[in-house]
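Some notes on the structure that comes next.
For clarity, chains are labelled A, B, C and D in written order, and residue numbers in each chain start from 1.
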Amino acid sequence: MARRLLTFLILFSAFLLASCSGGQDDGAATGAAGGTESRVRMAVTVDPDGLDPHMSASASTFQVTSSIYETLVTVDEQGNIIPSLAESWTVAGDGMSITFSLRPGALFSNGNKCDARAVAASFQRLLSESVRSQDYAFISSVEVVDDTTVRFNFGQLNVVALSTFAYPWAAVVDTSCADDLRTSPVGSGPYMLSSWIPQQSLVLSRNPNWNGECGIDQVEFVMMPDMTGQVTALRNGQVDIILITGDLVGQFEDDARFTVNALAGNGLQLMAMNNASAGLDDVRVRQAINYAVDKDAVIEAVWWGYGEKIGSHFPVVLSEYIDMNDLYPYDPQRARQLLAEAGYGEGELTLRMYLPRSYQEYVNAGQVIAAQLEEAGINVEIQIVEWATWLSDIYNGRQYDLTVVGHTGRLDAYSLLARYRSTAAENYFNYSNDVVDALLDQYNTTVDDAARMEIAHRLQEILAREVPALYIQDPIQIYVTTSRLEGFSVFPINIFKFNEMNFV
Amino acid sequence: MAELLDMDRLCVRDTRHIILSELTMHVGRGEKVALVGESGCGKTMSIRTLLHMLPDDVSVTSGSLTFDGTDVLSLRSHQLRQELYSRVGFVAQNTSASLHPLLRISTQMTDFYLERHRGVRRSQAVEKAAGILRSLGMRDVERVLSSRPDQLSGGMRQRINIAIALMDDILLLVADEPTSALDAHVRRQIEEVYISLAERSCLAMLLVSHDLGFVRRMADRVYVMYAGKMVEEGLVDEIFSAPVHPYTRSLIALANVKYKNKDEDLAQLGGFVPVVGRESRSCAFASRCRYERADCMADVEYRRLSDTHYVRCWR
Amino acid sequence: MGKYVLGRIASALVVMLLVSILTFLVLDLIPGNAAIVAVGVEGSAETLARLEAGLGLDRSLPQRIADYYRGLISLDLGTSSYYAQDVWSLIKQRLGVTIPLALLSTAISFSCALILGSLAAYRRGGLLDGICRTIVQLAGSIPSFWLSLLLLILFSSVFSVAGIGDYVPPSVSIRGYVTAVFLPVIVLAVGQLGPMLRLVRSSMITSLGEDWYASARVKGLGRGRLIFVYALRHAISGPLTLCGNQLAKLLGGTAIVESIFSLPGLGRLFLTAVEMRDLQLVQGIVIFITALVVLMNLVFDILVHLVNPAADSREAGGA
Amino acid sequence: MKRITPSLAAGITLVCIVLIPALVSLFCMPYDPQAMDLHSRFAAPSAQHLLGCDHFGRDLLSRLMEASRLALASGLFSVFLGALGGIILGIAAALGPKWLETMLMRLADALMAFPTILTALALAAILGRGTAPSIIAICVAMIPTFSRLTYSMVCEGRASLYVRAARSYGAGPLRIAFCHLLPSLMGRLVTQLTSSLGSAVLLESSLSFLGLGIQPPSSSLGMMLSEARAYVLTHPYQALPPGLVLLVMVLGFNLLGDGLNDLIFDRRRAVHG
């Protein structure tokens, strides 16, 4: 009987094994077929939030969709606008419209034409349904001039309009399959989706309708939540690109088999303060907090020194950047003094700090900052919350005193700073300054480059002085690739150009 | 001719107490011997010694035990199957618990037989088992063989146990309380099975029982045990018609008065079987004995009354 | 038997209903919803409202519960808001990882426990018994995530074994699959071994003390058959029931071990679903796991009944 | 009294190994467990820092002492509460009316099937900051074990002679439960309580490992392990001490539970023999 039972168990498990592995064949077979083709594998920690660029706000989506879809224009490493689906463009004299000339003969991966009509349809969808439709509210109409020419008319002047067409969420999608784009994307980019098993892998293969340069036949995003796994996989040649934390740089730096790309991104990491909560409504307290925190120590402790210290809400890579770091240097004595002036003695101010659990670096940074604030006589109560809770209670609900978070990069000062407008929904700082509001209005309508630059500088200065947040750093992203991979580069917005890479 | 079973001054103890003190007993070939006494006086322990079934903390300290010329006590565990278990059959006290509750009777009856007789096919062994069951008066043998113990009555299980013991050509059948825990009707049936077995075969039997009526019908000779010692032994007639030891007398007296649970009746006699002090040479029964006198506390020797009749008492 | 099974299924349905209502309440209670997560730190209040309406989150809780059950009756677990895929197909994908993992580790721990436990009980107090009791204590106390970390350090840093933390389906590469699954299987098997070994040992000790064991021994039955057929057959119903419980627990996914070894199993899917407030997916997984637990217990109860038809119904009912 | 079995002795020793430093931590610790010293990040064990420092330069020994104190405290609390709730529910189910029995036992099944992670999240949402949410979450996870144990034991005891006797002279269900049944079940419950401590500590640490337990800057064993996990490649040593403490703690409680079980079982056997 025992033997029969054992046999039964063995057969049962064999059956299950067979049936399960059978179920995965269709997904994996395509991956195996590319044995002789060039394939680049990149380790990522989370799945994309669907593959519809209009319907997602997640960076993990855009690093995939930027290879599937095309935007009208795109950027180079320095953030200059360069042609993509549009070969050329002209801005009207009054700045109230842009006309794009599309690449003739462009096709979606399903064979549909990617012409002016398709572009217009895609933008109509963006304007009416997208998560970011608000950012494009300045567009009043999209006009199909001819098969390869499309004109965007603006309802209000927006001098930085061109750059908004470069963001991956403004990609052109085939609206005839709009309902299924999240799982079966159709775009005109160099790659198309070949398989996606959530939390396992996502494989892109060459789009047969793509005529441009393409050095890599297949791109596989491998979901690996654990850093150790990623590093071992890279060392063993199972993946080609990983994103690492600063402490691991030493492991690859002197190894000829790997290339370390440490580049300042276009992001911002800061500790937001609720300017409406008791204590923090006093600018002296906010300044005291800025004096009390040793940003260099925070950057060293959390990011191993891989980060550019900032003094205002502006990434160092943009041309309008000015250095405001010297305004409030680390000075705990001054911090105590300011606190006393504001009426808070030692230990009399208690602040609640919320940290988003999914981002370990923010949790770490929060703990280091809290320790430094405690030394300056401010009590900090830390609570670590889930990302969804953070979004709901802290970001949307604005129920907090302090929180550490990051913002993704934008190409112009307005998109970056619009959240400081006192009426903005994104203004979770509860910051309100009429001068800032006025300057923001002015910025968008100032055609003169020098004058606009001046406004950007003034905005940075005001924020640096009034410190609605503790600006920590512009993070340096450290990608490690195998040395065989050439052409890997990082862009000021969250995109990758796999078609420009190749193996040697 | 040597005795089949020869137990000589056997001493057994656990970590605290002496259990058997200089126990001497023998069974001749083909002889039917009964061992009687109250619960707790060491009957079961003495046959467990014979069968190498002692609990972990119980050990033999002195004495010898020979079965069919083999020194049983020196047997190692791997020799037991060949040297002992193939020649002694054993029917345990609690017959319903001594069958595996989950295996079919046919399996249980033939498994060990097949292991011992390589080359015999299962069907042949089952055939043999069926034959034995029939000879024990079992009807509907095929159904019984394909049943599990919980599907059978107590009497059937008892017969199966006897049949299992008889599967091999044994020389001695040891039965521990073969008729206790059965209701009156079944008890009578099983008694008949034993009696007819005793009459038919030249098999030696060692019955442990406190059912004196059964003993009287079955046995050639009787040993009476009390508190780990033999107190009287003799031929059946000697014991039943002229018991000497007060303990034997009270057992027989009680058996004649009532035919019920003996333990209870003995309890009416007052007192219990002592656990401690079994090594002492004085009379262990003295405290419960009507005829107690001063010299019962002294060294009471095992007296010879006739060639076959011995007693440990001054009277 | 049929009536018994029906009764069990009925009570299982009640439990599943309770569990899923609890899940609804809890997900309603905790802050954030799928729309908020989708919008993130970009997007406006109007966008948020539009997405919430699209996901049906603007309706009242009873309405949503009613809708969900209406779907459930037609065996439709709904669509994941995060993955935009059918919930059942997402779960099914994970089972390909989770089921072999659970079966392998249960098979290993169960067979180890049967062999070691039986021998330890047979030679009670001996060297093997001592080793077994040490294993019982150590395996029962070692935190699985710590063991995972230690093994990960040992194998990937010290021995530099390739392929750990890189799941490959067996249909692509058997070798890759084995390296990816090897360590997690060990961790999970060790986690189950403690209680199983303890139970096997103690029920074997009980069996070895039974009269029929002594009788079978005196009949001269060989040692191997005595231990592994007679005694084990009798002792196995308890361990078999426990095996069912353990298997059910593992089939529900082991979030921590899966995330340490980067395995795309059900546990990790559940964590992501909760994180993304993917109500349909959370519900689907919770209901599926509950059903699985109930089903496994039922299957193993029936198995126990087959092995041990004499077992009283109290034992089967209490499992 | 009874002789002390090896497992009891080992259990007591192991529990003391973690209990004593945990108690000492109430009065003094080598360093402030929350004080960061960024110059001694990942410091190796030395005379100044006996176990070295973590990624923020905090003294590992002090953090371990604090963590084990919190783990023990939350384990004790949650097991105590869980046992109390479970016993009451179990007795109510066993002695109450049939509908209550059915309802409570199905509820226990549902709680058992309900993911602890969700419980912890929900409680964190209601109760906010602090250790209370995780303690109650563990307590909820403990309730079914105790209620089932009590239920089955009371059901067994209900049929026993002395309870029937008590009922025959008119004792009410509550009186039967607390004066007759509970005392006789105490031994079994104490054993279960002790070994549940081990599982409660394990559960707490796995919740903390997922970030659902004790909040920083306080330390907990699970949190320390999850922090160490990030540095497994560069500083694998970090993962060793917290795991060892956890192992010793759980092992100690399990052995203690076993030892008590032997002790109680021994006593029973002595009574029968």
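The criterion applied here is as follows: contacts are C-beta pairs under 8 Å (C-beta built on N, C-alpha and C of every residue); 3 or more make two chains touch, one makes a residue touch a chain.
Being a predicted model, the structure only gives us computed values, none of them experimental.
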Practice problem: Imagine the assembly minus chain C, everything else where it sits, and name the touching groups. | Solution: A, D | B
Quiz item: Chain with the smallest distance from its CA centroid to the overall CA centroid?
Solution: C
Quiz item: Of every pair of chains, which is linked by the largest number of C-beta contacts?
Solution: A-C
Self-check item: Rounded Å distance between chain A and chain C, as computed from the means of their C-alpha atoms
Solution: 37
Self-check item: Rounded Å distance between chain A and chain D, as computed from the means of their C-alpha atoms
Solution: 43
Self-check item: chain C and chain D: spacing of chain centres that average the CA atoms, whole Å
Solution: 22
Exercise. Would you mind pulling out the distance in Å between where the CA atoms of chain A average out and where those of chain B do?
Key: 89
Exercise. Mind pulling the residue numbers of chain A that touch at least two other chains?
Key: 226, 228, 385-386, 389
Quiz item: Do you know which chain D residues sit against two or more other chains?
Solution: 121, 124-125, 229, 232-233
Quiz item: In graph terms, nodes being chains and edges touches, is this line, ring, star, complete or other?
Solution: other
Quiz prompt | Every chain pair in contact, whichever chains are involved | solution = A-C, A-D, B-C, C-D
Exercise. Would you pull the chain A residues touching chain C in the complex into a rising list?
Key: 1-2, 5-6, 9-10, 12-13, 16-17, 20-25, 27-29, 31-32, 46-47, 49-50, 55-58, 129-135, 182-183, 197-200, 222-226, 228-230, 232-233, 235-239, 358, 385-393, 395-397, 405, 407, 425-426
Practice problem: Within their complex, state which residues of chain D touch chain A. | Solution: 34-36, 38, 41, 55-56, 121, 124-125, 128-129, 211, 215-217, 229-234
Practice problem: Please name which positions on chain D make contact with chain C in the complex. | Solution: 7, 106-107, 109-110, 113-115, 117-119, 121-122, 124-126, 152, 198, 202, 205-206, 209-210, 222, 225, 228-229, 232-233, 236, 239, 242-243, 246-247, 250-251, 254-255, 258
Quiz item: In their complex, what parts of chain C are in touch with chain A?
Solution: 30-33, 36-48, 50-51, 82-85, 90, 92-93, 95-97, 99-100, 103-104, 107, 111, 152, 156-157, 160, 162-167, 169-172, 228-229, 232-233, 236, 259-262, 264, 268-269, 272, 274-277, 303, 307
Exercise. Would you tell me which residues of chain C are touching chain D in their complex?
Key: 11, 14-15, 18-19, 22-23, 25-27, 29-31, 137-138, 140-146, 149-150, 152-153, 157, 255-256, 260, 270-271, 274, 282, 286, 289-290, 293, 318
